[in-house]
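Chain naming follows the written order as A, B, C and D, and within any one chain the residues start at number 1.
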């Protein structure tokens, strides 16, 4: 019997090693897999490359991982926020490498990794500084930039419900990067609010089929319902 | 108030003109929008380019459209079937042009049109006759073929339920090409078994958001439940 | 001359958005357009973090941290709305499915180049988010901005001096002084604030302007 | 020498598929593998028309025309299965998420090139379907075929004479005479049918073969 559930966040991330590339889901705090990130901090892996839309808020979650000096490079679209002071300080001190990617190119590059696309021409960023040094081409008179996939060793994502085969459904805009990051990582780890019995998720409604998910861990509901603000 | 429902299949396809490129959903008979195809035959448009996975079965649906000599060119992955005699005869007589595309490249090229991707490198068909004359490239040591989007003027698709905003859900493997064809056509026309009130489709469960659908037409349930075999 | 207020600018943009339009309103000033869309018009607001059919802010106390907009503010979903993931959401934009994007700007050039993501300051941490996707992400890209910088320089320029967000992507500019179309023949003034003569606007703007033909609005 | 039957070949392939594997079984002979997968093993069958967790054929009379496999035959869905659209389905394949594809073939070359979609006949109507996607669409590509044509020619060849489906994509070949691995060092015989000596197999096959090391199976 296949059972992808794992007992704890710590067990789920135990084999994330130094130098790994780790995708972390979420847009702001919606869909952020906070308990998995905390477990990754406890795990102690260093020299990580992180893929996330942002670069952490306040002192928690991804920001705490940065603060612990575990991250060599971050690939994201929007690092600068009102409370991104941990990243800001590391960046100004030259202690972290930044690859800035327009948000839609970030999403499409992650999707391309999951879908086996070798590279693709996108109109986004054509003619801007973020296309400098990249291959460009006019196709039917429009300018495009060639972009390559972003794959990862691990993806840490948050979903609403999952089952022992790894099927997932999400909640509202917390879906954001979850489905594509799951597809782009060798090992996708989902924290869910509830593990349900096989068959409880309608096959028409499953957003991420289990083929894209290697581990699933249920997080105590009381933890997840605590407002993110309180944690900050 | 926005209401994308249309009274009849004939009204839905009335403005498909000579020379149009028309995508037609379905894999075999699953998801085939038979009533819309019949309406397109009655409509009389000629010189069409059709995009479908196959090239018609027996004398009905797409095969009937071919038989009526309305189709100049077909873009598909698998024209030859046991009962594709209408296409077979036209092909051997040199009366129809065929662009043969591997099924996954067909799907991805349609998706690319809907997603605004200018072109993409795919490993499928690399080193085969279907890549002849196409641009190729080695990326990280693997061979890829450059493929371009396939867009359409119209898409005719079949879904299970829809609402007046054009939101759609599908049924089982009848989903197949529906969502991507809807996204790749200037005007996507969906026939549905049932038009439901706005809000009856769960926002977590909608597969094709209404932005991709311009017209929706309910087909009498009794018609749709008749087995396809009987029609053949 | 009395400049358009921000609410007047937002109301003016709202006037140009017809029923049935699919629209993305950028962060900041463009967000105000939502307050001016007539209630009786069904207009579909897209938020690039993954929803279509975005509704107004929730009542205090009923915010849902899983239901936010691109500015990470709590929002609601209208009846008939839908959720989707980031790749699908940006496919909607890149694929040309939105009718309008409304964006703020630092500068717009006479040919419609847009600069709105980076001031070019050496020490600034660069952050782009969805700005470049929005710039190319709609059939019509509308810009809302003050006509001039605080220092009195025109933000409509011959060539952008700030780093570009997109090339030849802007269709119409709404400022506190005027509404101006970017056309293949150059910038065309659709309307100006009361008391501002065309010649004075042209002097303030500093790049060639012409009057839009009556049918251009 | 008694050749492996088709059921024996299918059973032999089934032995190589472990619990938890994601598998696409091609049309024809490979479909028979499903009958030999041990019931107690949870194995996930993918069908490229848009389902994962494919179950056996339905009972007569309960066929659903909306629930078919890639061969357009009625099937069922296991508890825990899921539906998805064509772009997502082929992304699963192209993206390397399947552990195994099992395919039929006209020819396989010594370097693992596959020919299984077209005989090269001038008048034949070409039809490829998902063949080329399947050929590159799994971590391991397994081929099931007769060892020889009806005319007695080896279907394992130095270079394919039929049009290629994929280049260097086959990992293991199951025939009615042998199980052979395609390795960087050439073809390695894992096992042969009872009564068939290695040298005789090599003669029949006509391309260089070697014995697989004990650990290769």
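A few points about this structure:
Here is the rule we use: a contact is a pair of C-beta atoms (placed from the backbone, for glycine too) under 8 Å apart; a residue touches a chain by one contact, two chains touch by 3 or more.
Please read all numbers here as calculations on a predicted model, not as lab measurements.
Shared contact partners of subunit B and subunit D comprise A. Among the other chains, D has the CA centre that is most remote from the centre of subunit C. Once the centre of each chain is set as its mean CA position, subunit A and subunit B turn out to be 34 Å apart. Separating the CA-averaged centres of subunit C and subunit D is a span of 54 Å. Separating the CA-averaged centres of subunit B and subunit C is a span of 35 Å. The set of subunit B residues touching two or more other chains comprises 108, 111, 115-117, 122-123, 170-172, 204.
Across the assembly, subunit D contributes 51, 77, 83-84, 87, 90-91, 93-94, 136 as residues in contact with two or more other chains. Contacts between chains form some other arrangement here, matching none of path, ring, star or all-to-all. Of all possible chain pairings, those that touch are A-B, A-C, A-D, B-C, B-D. The residues of subunit B lying in touch with subunit C in their complex are 1-2, 111, 113-117, 163-165, 167, 183, 198-199, 201, 203-204, 206, 209-212.
Contact residues on subunit A toward subunit B in their complex (touch as defined above): 108, 112, 115-123, 137, 139-140, 142, 144, 148, 169-172, 202, 204-205. Against subunit A, in their complex, subunit C makes its touches with residues 47-51, 64-68, 72, 77, 83-87, 89-91, 93-94, 113, 118, 123-133, 135-137, 163-167. Those residues of subunit C lying in contact with subunit B across their complex are 19-20, 22, 42, 44, 46, 51-53, 77, 79-84, 87, 90-98, 136. The touching residues of subunit B, when paired with subunit D in their complex, are 27-31, 77-81, 87-88, 91-92, 98, 100-105, 107-108, 110-111, 122-130, 143, 170-180, 207, 227-228.
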